[in-house]
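There are two complexes below, and they share chain A, which is joined by chain B in the first and by chain C in the second.
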Partner chain A sequence: MRVLQAATARFVSTIIAIFGIAIVVFVAVRIVPGNPIAMMLPPGATSGDIDRLEALYGLDKSILEQFAIWLGNALQGDLGTSISLRRDVLGLVLGRLPATLELSILALVFALALGFALALAGARYRGTPAEAGIDVVNGVGLSVPDFLWGLFLILLFGVIWPVFHISGRITPQSDLPFATQFFLAESLVRLRFDLAADLLAHMFMPALALSLPLAAMIGRLLKQSIKETLHLDYVETARTRGYSENAVIFSEALRNALLPTLTLIGVQFTFLIGGTVIIERLFSYEGLGNMAIDAVINRDLPLIQGIVLVFAVIVTAVNLAVDLTYALLNPRLRRG
Partner chain B sequence: MVSGSASRRRLPPRLWLSGLWLGLVIFAAALAPWISPHDPLNQDLFAGRLPPLWMEGSQPSYWLGTDNLGRDVLSRILHGSRIAIAVAFVAGICTCLIGTALGMAAGYFGGWTDRVISRLVEIWMAFPPVLFCILLIAVLGTGLVAIIVAIIVIDWTRFCRVVRAEALNQSRMDYVESARVAGYSRYRTLLAEIFPNILPTATALLSLEMGIAVIVEAILSFVNLSISTDAPTWGGMIAEGRISIHQAWWVLAFPLVALFLTVLSFSQFGEGLKDRFDPVLR
Partner chain C sequence: MDQDLTRRGALKLATAPLAASALGIPGLALADISELTIAYNVNLPSWDPTVGPSAVNPTIQAIYLSVFDYFIHQNPDLSFESGLVTDWGWNEDKTQIHLTVREGVTWHDGSPFTAEDVAWSLERAGKPETGNPIQFIWSKIGNYKIEGNRITADVLSFEPTIFIWMAFLTGFVMPKAYYEKVGPEGFEAAPVGTGPYMVERFERNAFVQLKANPNYWRGKPEFENVTIKFVTDAASRVAEIESGNAHVTLEIPYEEYDRLRDSGGISGTAAPISDIGMIFLNDIDVMLDRNVRLAAHHAIDKKLLVERLLNGYGVPIDTLQTPDYIAYDPTIEVPYDPAKSAELLAASGYGPDNPVRFKIQTTRGFKPKDYEMIQAIVGLWRRVGIEAEIDVYEIAKHYELRAADQLAPAAFYNWGNAVGDPTTSTGFAMFGPSPHSVWDGEDLIGMIGPLWGEADEEKRIAGWKDVDRKIAEDGLVIPLIQYVQPILHSDEVSVTPHASGALLPFLMSRA
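What follows is the complex of A and B.
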């Protein structure tokens, strides 16, 4: 019962957080200097023209009124109309969101694979030069951000050894068989492995760039946790019962070292999602982040508002999911 | 703070290596107009995309080649270091001062001061930094001042959290009690007794923060939301190099290496200081 109560409380606080972010975004976007309406009109437009357009976008009302209208509409799924693209914001955002989600999830998979490999190798060869080497790799991985990794990957796999595509999401072609925007998932479901391979060749570098800092973090923390559990009694018992060192690490130590790593992954995954903004730009990947930068450059208030809000919802949802998983997995909380 | 035995200990390579590179960059930033072989803005369309010195078709005065418009890559990197170092120091130091002041107040005074500041930090942490940055740049407009303000507004919590914990620890120590008994005022205790003990932590964090500031400026120049495109910046050079990458890789590669080494050095210098100041490790 206590878990259920805690979960409800956590859910309510999530909704409050999203509401708070909505207010912050709304207010911030209203105090933007520079008139976006004036930028939409051709030179020589009269002030009457500006007033008419402002009325059309509701910018002539008071801030409080504007917020009430915006919130009411947002709850009904209407996030307004983009000023630069002149289309429905929700439609634009939902059209781009799948691309960003697929990229983030692929990056998470890469980070888990690399991080676990580093941690297990480091724990297995602890105290040897191999472990010292892994520590150096982790250290560099931690202190260099995804943006720089992306640029190095472009030089490496785009120029020196051009095996992957450096821009776009898919090779342009007229007859894409997709019904949704989840291209990668759908190409796998439809067994179109040629398209899946093309998508992966485009996504490989941005996903790897996003994953490297997280992989280094997982590698360091998980190795530390495994090494700590290796001194515990039950692990010693397993060892005296004749288990090999590999078996001890994989079957005994790893299982109990996972919990702190899980929390780290949850928190850092939200940073990874934030990182897609610049990485998508770098690889001209048509996702939400790339759209966000265009929206800032074009001063497209409704679009900025919509994108930031959607990102905020995703981030808080991930945090909520992590907390709930943690509560379910942690035996001390479960028994309570 | 470094005791005799620690200073006699050999300087760890990551401290002197990163210190050496940072020294070079600061030197380049200070003397860029005098040591640059060319004017960084001088275009020469007949000398466009010249490769670096050791490649076929290079010209001897362009060591690292030229970009699409025939501007000298080395001179642009040297001049670009000025913006990088300026942002690193101004944004880094301001963030450090504000975050440390609030952190010390929260940790030492406790009570409602602590409650207000801690709640503020929590709210800040809930906002993904990249989005926060985009939002701030949209609000503040582009330009060097906007970037510096954005970094301060986003990152003060990084100092505040750590310093608060440190100040809380220190305020429970015996020497603080003796200062009180000796009749020191609370502010005097805070500044004369607790502050010197927080300084090492704050300095290590400052170095890390400078690295972050350099990368934030580079990213914003890359997406063209930083200062005007006239002044050479590493991020701007990287953006131009990204476009002509198949024709002239060096336009991207050299500023990238400069940025990479600078960011890595700031963070390694900070980590090195942290280890050195850490009394447990010492």
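What follows is the complex of A and C.
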């Protein structure tokens, strides 16, 4: 019951947060430097041409009027028309979102695999030079930003040892039988492993670049949590019952050390999605982040608003899911 | 046992990429040169080359020119020759224009290209509701009449450059019947032109696949299939060409160009293009003082900037005309002369101990070494008694400030003029009422005004040269350099650069 109440309150606050974000974004994109009309003025344009363009894109009205119109349309599922792409914003955003979600999820999988491996190895070999080495690896992972990892990976796996694709999402010559934009998921469902391999060869470097900082965070926090758990009485009891050290870590310590890591993963996953903006650009990956940069360069106000709104919905939804999962997993919250 | 497992796991992890490559991850090698791959530096937002912001984005024109044709063809050296329109001109009193339309051309869908298409395209371009950004030019002709393959139209307002615009921004011929049948959305989904390549597949923000048009009126292109990948990051473009994932790329740092050209199967082409770097001077504050303006210009060693900052890839210029432009006058010079700068400043009471101060705005990374160039210029200015404060802004901010006439006293910008006419360089940049000009001096407006409608071509060009001389003598703008475009390409591909900066697959062949 308490979980249900908390979930309802959290849901309501999420809706309010998204509305607040919509207002902030709407106002912010209109007061930051850069006028979309000035960007598209041809040589020789007159003040009449400027007025005509402003009227065409509804920029001749006050910000309040523009917001009221935008909000009214948004509530009906119409996020407007992109100035630069001249297409429906919602369609554009939803068309690109699956690419970004697949990349983010793959990056999360990489981060979990690497982070857990580092944490478990560090805990297993605690107090030895191996743990010190793992700490150094974690430190490097944390201190190097994802885009620098991206450049390093391009050099390593794109130029020196060219085994992965540098840019794009799929080889242009590929036959694409997809019905959705979730190419990777759909290729696996359709058992088209050739396409799945091609997609993964494109996604490997951007996903790895995105994942490394998060992997280092997970590795450091989880290792510390496991080490703390290893001193608890029930773990000592397991040891006296003859469990091997590996069994103690995997079967006894890991489960109880997971909760703080779960919270971290939830929070950091939202940062990871934000990180796709730069990484998608670097790897020319056709996702929402790449589109966001073009939208900002072109001062495409409706598209910027649409993308930010969708990012906001994803971030708040992930946070909500993490909170609910935490509430369900944490016995103190679950039992009230 | 545990340690063994860990080692094994680590080995598996380390060899995963090797295993992946051994399994043959597809598409990494460019096995067949008939599949030409170009790593291009911009995305293509829209397929209609006549409407919206992308229609006036010079960098995108190369993609449009691969699929569509201008009314009048433009050669790589910026000269014009017959295209879809084979003959053009005015009647005697210049109240009418006439166009002769090429026969035997077909659209990509196989339908015949006709004079109707040309007249409809021109008429459509002149209607404000279609959203053509150059509508103000196209609306100056109207009342089209078609007789066979000849079109006549009335001159509603005399525009001497109307034929030049027919080979410039938005000057594309569109398919009347097809467009009316499929509408704007259908056209976006499946564009049809008369150009050298047909669109096979387009993935927004990713790539466009083109197939050679076997019936192209200038002859079938050499490469049957072309993939243009949109790789907007310069480091990634360098990696694409270095790894062999692309045959051709452009707009890379000059240092990388020098490192990679003539090495490992890669060649380079670097030729001057119609883009220039310049410093706008706004007629406010200290820039109202002619001595200060001229001192600022004479204090800049442009040759040094080109050699030291641009690795020699640039051409110093003293007017807004490059040597390829029709109104270029080599006798107009503003030489590097720091002594003269100091003298001019002294005449206005300034010097190293009492420097004249103003702000200079610049982009950073928008053009090659833009910020570094301004830093160097500020250093040169300091020597003669000019203390300039650098303000970095985004290009979007520049456009906004320029349109509102609120640029700082000095502001760096680059200007493109792919047709080489003085109206689209000096004209729009320096004519006060233009939203692209920040110099509002009445004397210059008085000189430029009559040239917009000057019917005598010789007089028109001579008039623009006079304007350029006046600008140089009064120091109303500081032209800096003509850019050189670095293109890297596989040894197996020969690339003909286009002076407009457009990288055209049609101009590529097997080496």
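One rule holds for everything that comes next: the second predicted complex is superposed on the first by the 324 of 336 C-alpha atoms of A that agree within 3 Å, B and C clash if a C-alpha of one lies under 4 Å from a C-alpha of the other, contacts with A are read in each partner's own complex, and residues count from 1 in each chain.
The rule we apply is simple: contacts are C-beta pairs under 8 Å (C-beta built on N, C-alpha and C of every residue); 3 or more make two chains touch, one makes a residue touch a chain.
No experiment lies behind these values; they were computed from the predicted model shown.
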Does the chain A-based superposition show chain B and chain C clashing or fitting?
-> clash
Taking the superposition as given, does A:Ala197 touch the first partner, chain B, the second, chain C, both, or neither?
-> second
State whether A:His165 touches chain B only (first), chain C only (second), both chains, or neither.
-> second
Which superposed partner A:Arg96 touches (first chain B, second chain C, both, neither) | second
In the superposed arrangement, does A:Phe152 touch chain B (first), chain C (second), both or neither?
-> first
In the overlay, answer first, second, both or neither for which of chain B and chain C A:Asp49 touches.
-> second
Report for A:Val308: first if it touches chain B alone, second if chain C alone, otherwise both or neither.
-> first
Thinking of the overlay built on chain A, is A:Leu282 touched by chain B (first), by chain C (second), by both, or by neither?
-> both
Just chain B (first), just chain C (second), both, or neither: which does A:Ile297 touch?
-> both
Look at A:Ser84 in the shared chain and tell me whether it touches chain B only, chain C only, both, or neither; answer first, second, both or neither.
-> second
After fitting the two complexes on their shared chain A, where does chain B collide with chain C, if the options are 1-9, 19-27, 37-45 or 73-81?
-> 37-45
Chain B and chain C footprints on chain A meet at residues 33-34, 151, 154-155, 158-159, 166, 281-282, 293, 297, 299
Quick one: in the complex, what on chain B touches chain A?
-> 123, 126-131, 134-139, 141, 211, 215, 218-219, 222-225, 238, 242, 245-246, 249, 252-253, 256, 259-260, 263-264, 267-268, 271
Interface residues, chain A side, partner chain B - complex | 17, 20-21, 24-25, 28-29, 31-34, 139-140, 142-145, 147-148, 151-152, 154-155, 158-159, 166, 270-271, 273-275, 277-278, 281-282, 292-293, 296-297, 299, 304, 308, 311-312, 315-316
Sites on chain C touched by chain A in the complex = 2, 6, 9, 17-18, 20-21, 23, 25-28, 35, 39, 43, 45-46, 48, 51-54, 56, 128, 131, 133-137, 169, 184, 188, 201, 203-207, 209, 227, 229-233, 235-236, 239-240, 242-245, 393-397, 399-400, 402-404, 424, 427-428, 433-436
In their shared complex, at which residues does chain A touch chain C?
-> 33-47, 49-50, 52, 56, 83-87, 95-96, 117, 121, 124, 151, 154-155, 157-159, 161-174, 194, 197-198, 201, 244-246, 281-284, 286-287, 290-291, 293-294, 297-299
